[in-house]
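Shared chain: chain A. Partners: chain B in the first complex, chain C in the second.
Presenting the complex of A and B:
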C-alpha cells in the first residue's frame, strides 16, 4: 500500500539523523541498517512509479506497436483535442471533483465515527462481529455491488419497488432520474470502503497512551468527553495524512463504481459522468493508447496542482503535519 | 527455401497437390471457384516445393492462441485430444486462452500490446481488426505464405476474402472460408399468438397487437424484456429498416456510431448524414413507435441497465420476444421445444426483404506481430480450419461425449441434454473454421430449416464490405461522436426520452459540435476513392 510505504519511508529518513557529519557516504555508513530497510521501498517506487512515468510521452504521440513507445511519431497536442472539443471537459472535471470531495468527506467522517464506536465497545463478540460485517463489502468487486444495486432498485423486479407496490404506493423509476444518484453513489461508496477506513483509525486509536484515558476517567470525564477531548485531537495527524493522500487522488474517478453502477445510461449521464467514464466511452471504439494517455495525463496534472496547494496550506498552518 | 534435390521437389509437389485436392473436396459451397482451385493447386505445388523442406517440424513447438468468450467446461478434454492430434501431425501443441466478452474492448489491445506469449488470436472486423492492424498489432501475412503453410485453407477460400482482409494493401488476417449465413431475427411465441387470435406476423412492424395481447393477459411475461447491450436498440432498428432506411454505419460498420449511413440495398453506396431527411424521417417514425411501446409497458422499464438478454429471458418464459440471429437462436429454439412452446421466426430485413451478407472478415484469425512460430501457427490453423476431423473436434467437441453423427445429422449422445453438454457447438470460440463441412443438426425444426433455406434469397452483397476506412484523420471526431451517441442517441432508440422531436434536435446539435460534418466528408471521400478503384 502506498500509504504505509510513504509514512514508513518518511520515518526512515529522519532529518535529525542527517544533519551530523558530512558527505553522503558517511551518512550511508552511519545508518546503513536503516537505509537497507529503505531499499525495497525505494526499489518498489522506482520500478512501479518512476520508470513508468516515461510513458507520459505516449500522450503526445501517434502510437503504433512497431515503432513502440519512444519511436512513434510526435503529434503535439492532437491527442488532447477530443477531450476538450467534446464540450464536456468542464462538466466531467467538475463532476469528478465534486463526487470525490463528497466521497472523501463522507468516508473520513464515517470511518472516524465507526473507529471510535468500535474502540469504545465492550462486548468482545459484538465488537468483532460488527467489525467483520463492516469490512465485508471491502472484498466485493463493484461488479457484484452493481448487481446488488440493480436488484434493489430495478423497476420491474427490484426489492424497493416490490415493497412500494406491496404497501400500495407507486413504483419509482430510479434508473431514469438523476436526483436519487447523488445519494446512492456516496452511500455505496461509504458502505464499501468504511470498513477499511475504520481499521486505519482504529489502529491509531489502539496506539494511544492508555494512561491519558485513565487519568481522564479518574478526573471524572465521561465517555463523550473522553472522545471529544482525547480521541479526536489525538486522531488529527492520522486524519490529515489520510486526507492529503485522498486529495492527491481527487481527480481520479472511481471508474469501476461509475461504470458498473451507471454504465451507458444516457439519461443519468450529465449527473454521473466523470473524467474516467468519458475517456472510456470516447475511446472504446478506437482504442487509441495515445488519446487514453492524454486523458490520464490531464488528471495527473490536475491532481498534482491540487495536492501541491493542499499540502502548502497544511504546511502554512501546521508545519509538522504536512506530507512533504 | 533451398531446394535439396530435384527428385525431392517432385515428390513433395505431388504430395502437396494431393493434400490440396483433398482439401477441395471438403469445399462444396463454392461452385464458381472450380477452376480457381486447380490454379491454386498448381501454384501451391510450385511455390511449395522448397517449402516442404523448410517447414521442418522436427522441433516441438508450443503455441499460445487467444479466443473470445470463455472456455466451456469440456475444453480441457478437447484441447488434450487436439494436442494429441497436432503433436502427431506437425509436432505442435497449443495452449488456448480466452478474452471474456466483458473485457473484449480493454483486454484485446492489451494482449497484443504486451506482445509476449501470443502466437495467434481470433480477429474480426467487429473486434477492432482495422484499428489493431493499423497499429501494427498483427503480423503481415502474404499470399505466398498462405499457399505454402495453409494450402487447404487457401484452396477452400474465395479470393474475395483476401481482398476484404487487406488493410492499406496488406493482409493481416486469415479470414474464414465460410462466412456466416445469418440475418437478425425476432422470435415470438406462436402458441401465445394463436391463443389470443392474432393473425400471423410476417414483419416486425406488425408485432404490436401481439405485444398488447401479452401485456394485457400474461402477467408474468414482459412483452419485450430487453437488455442494455444487445437488445436495447433492436426494436428501433428493426422498425427503421422496414420503414425505409435500411442502413448500416458507413465508417464503423459493426461497432460504434459515426453518424453516417449507407443503404445496403443501394449498389452506388451513397453516404448519408444522420440528419439527412431520408434517415431522419424514418428514424423519427421508428422512435415514435418504440416510445409508445415503452410508455405502454411493452418494453421493460429497466432495459438500459438490464444485463440479461431477451433471448435468455425468453427461454425462461419471462419475455414474449427474443432478439438474436440465425445462428445464436439455435439453443433458444431447442430449449423452447423442450418446454413445448411453439416459436415463430421473423427475420428483420429491409423493406425489400434483404439483408447484407456477412463479409469473410466477420470471423478470422490473425498471427500476432511478436509470434516466434508464425509458420507453425499457420500450419496448425490450416488443420483446425479445414481438416474435417480437427474442425469437428474444435467445433462440436469429442465424438461420443459431446456429439454423435447419426443419419448424416449431428445429434447429442444418449443421456446428454443441451444443458448438460460440456462442449456446446459454437460455444468455444472457433468461429473461423470451415462451417460448410458440417452436417445439419438433428434438433433443427422444420421452421428453422426453412428459415436457413430462405437466406439465399435474402442476403445481398454490401458494397463496402471490403472497404476498411482509415480513421486516422477523424479519430477526434469519432471519439466525440461515441460519447454523444451514448448520451443522446441511445435513449432515443430505447424510447426512454420524453419528447422524440426534441431529443433529435438535441442529438443533432451535439453531433454537429462533435464534428459530424467532417466525418461525413471523410466517409464520402474514401468511399468515392474506393468505388473508383473498383471500376
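Presenting the complex of A and C:
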C-alpha cells in the first residue's frame, strides 16, 4: 500500500520518471494534456454519433414531439410490423442491394482497367491530361450532376432527343420509363467515381517492385502477360480492402445520387426506391416516424451484421487483409 | 527510355484509345451544359440542346447578374462555411490524430476504436434528425452547416497513419527531453511537418463543405442561410424559378432553359476552374489513405 502511494506521489511529481505505473486515473493524470487534446473530437462523436445510437430506442416507441426521443411511450415491435407489412421493406432492400452490387462491381472493374492502362502509357502529357479530365466529375456536386443528366435526357430539349429527332427517329421519354435507369444510374455512378478509383489503383501500381517486371521481361513475358500475371494479382489486396469497404456499405444507398437524379418522380419510384430514400420520405415528407425509425434501424443492423460477417470471413482466410 | 517492343506499342495504342474515350466521356456532359448556357433561348426551344448551338447569346448570364444578390449571398454562406469549417475540422482532427500517434498514450487503440466503431454502426437518420432539431435546437442556424459534416473518421485515421509513417518517435522524445510540453510539440513540430497530409485532407473536407446540399435541405428553411449548392437545387427544382431568381414578375421572353444552365455554370464554374490546380493534393490524399492501418 505504502509503496503504491509512494509511486503515485512520485508520478505526480515527475510523470516522466514513472513508466510502470498502472491504473486508469494515473494514466489520465500522466498524459492529461494529450487526453485533453482528444476531448473536442470525443465530444463531437459522443454527441453526433453515440447519442443517436442510443436514440435507436425511438424505433420501439410511438414518437410524439411533446415527449421527445427518449420520453415517448413504448410500443414494442409495432413499428417493425408496420414497416415489414407495408410491402415496401422487401422492395427497398432488394433495390438497395442490387444497385449497390452493380455500382461496386462496375466501379472496381473500370477503376482497375483505367489504372492499368494509364500505367502502361508512354506519353507523360497525355497521361496527366487524361487523369485530370477523368477527375472532373468527382468535383461536381450531385446537384450539378442532376442538372447535367436532365440536360442530356429531358424529353423536350434534351441532347439525346435533339439528336434522335435530328436523324429522324422518335424521341424517348427517359424520365417516365424505368428500364433506362438500370443503365443510367450505374453509368453516372462510375462516371463520377472512376477518376478517384483509378488514382487509388494507380498509386498502388506505382508502389510495385519494378524488379519483378524487369525479370519477367527478361524471361520473355510480353506486356499483356506482365499485366495478366503480375499487375492484376498484385492488385488483389487493394481490391479486397475496397470490396470489404463496399460490402460494409452495401445496404447504405447512394442517397445523394438517387435523390438528385430521380427526386420524387412517381413513375420511377418502384424501380429506384432505396432504403435511404424511403426513410427520408417517411421522416421529412410524411412525418411518419414509425416507418422512418424502423427502416433506419433495420438498415443499420443489416449493415453491421454484413460488415462483421465479411470481415470475419476475410480474417479467417487471410488475416493481413481484414479491416480490423 | 528503353526500346519499345511491338507488344508494348500495341498496348500503348490500346491505352490511348480507351483512356482517351473515358476522358472524353468524363468531360463532354459538362461541356454540353457550358456551351448551351451560351445558346439563345430561341435555339434551345426550337432545336433542343446541341453540341454546338446555332445562335449564341449572353441573355442568360445578363439575367443572372442583373440581380445577383441571391447568388452572392449563397456564395458568401458557402465560402464562410467552407473556410471556417475546414480550418476548425483540420485543427481538431490533427490534434486527435496526434494523440493517437503518441506511443506513450496507453489508451490510443481504445480511442481509435471509439472513433472507428461509428463507421460500423450508427443510429440512422431519425435519431440524428431529432437530436439536431429537438435537443440541440440547431435548425436554421449556421452551426448545423458547420457541424453536420465537420469530422470524418477515415480522415482522422489517415492523418494518424501519416504521422505513424513519417514522424519518428525519437523526434517527440528529444523534444520532451528539451522540455517541450505535449501541446507545444504538436504545434511547433508536428503541424509544420504534416503540411502535405493536412493539405490533402483539408481539400477533401473543403470539397465536402462546398458541395453539401443535404444538410441545408434537412435543417435550413431560412433563405438567407442557403448555401450555394442548395440555392442551385432550389432554383432548378422549382417551377417558377426564374422569377424567384430575379425577384420580378415572370416575363414571356425570359430565357428559362438557358438560365438554368447559366446558373449551373455560375455555381460550379469556380470549382471546375480551380480543381486542376488542387488536384495534386487529392491524389496525395488518396495515396496516403491507401496505406491501410
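Quick notes on this structure:
Convention: the second predicted complex is superposed on the first by the 224 of 324 C-alpha atoms of A that agree within 3 Å, B and C clash if a C-alpha of one lies under 4 Å from a C-alpha of the other, contacts with A are read in each partner's own complex, and residues count from 1 in each chain.
Here, contacts are C-beta pairs under 8 Å (C-beta built on N, C-alpha and C of every residue); 3 or more make two chains touch, one makes a residue touch a chain.
These numbers were taken from a predicted model, which means no experiment stands behind them.
In the superposition on chain A, A:324 makes contact with chain C only, not with chain B.
Residue contacts after overlaying the shared chain place A:263 against chain B and chain C alike.
Which of chain B and chain C touches more residues of chain A is settled by the count: it is C. Applying the stated contact rule after C-alpha superposition, one finds that A:87 touches chain B and leaves chain C untouched.
When the two complexes are overlaid on their common chain A, residue A:78 makes contact with chain B while staying clear of chain C. Legend: residue contacts after superposition of the two complexes on their common chain; A:31 is shown touching chain C, with no touch to chain B. In the superposition on chain A, A:288 makes contact with chain B only, while chain C stays out of contact range. By the touch criterion defined above, A:239 lies against neither chain B nor chain C after alignment on the C-alpha atoms of chain A.
Contacts of A:156 after superposition on the shared chain: both chain B and chain C are touched. Touched by chain B in one complex and by chain C in the other are residues 63, 65, 150, 156, 158, 263, 283-284, 289 of chain A. On the side of chain C, the complex with chain A involves touching residues 1, 4-5, 7-8, 10-12, 14-16, 18-20, 22-27, 29-30, 32-33, 36, 44-45, 47-51, 92-93, 95-96, 98-100, 102, 104-107, 111, 114-116, 118-131, 134-136, 147, 150-151, 153, 156, 176, 181-183, 186, 207, 210-214, 218, 229-230, 232-233, 236-237, 257, 260-261, 264, 267-268, 271-272, 275-276, 279, 282-283, 286-287, 290, 292. Interface of chain B with chain A (complex): residues 105, 108-109, 112-113, 115, 128, 131-132, 134-137, 222, 228, 252, 255-256, 300-302, 304-307, 369, 471-472, 475-480, 482-483, 486-491, 496, 510, 513-515.
In the complex of the two chains, the chain A residues touching chain B come out as 62-67, 78, 81-82, 85-88, 150, 154-156, 158, 173, 175-176, 263-267, 269-270, 273, 278, 281-289, 291.
Across the complex, chain A meets chain C through its residues 16, 27, 30-31, 33-35, 37-38, 40-42, 44-45, 47-56, 58-59, 63, 65, 68-69, 110, 113-114, 117-118, 120-123, 126, 129-130, 132-144, 146-152, 156-159, 161-162, 165, 191, 194-196, 199-200, 203-204, 222-224, 227, 238, 241, 248, 255-256, 260, 263, 276, 279-280, 283-284, 289, 292-293, 295-297, 299-300, 303-304, 307-308, 323-324.
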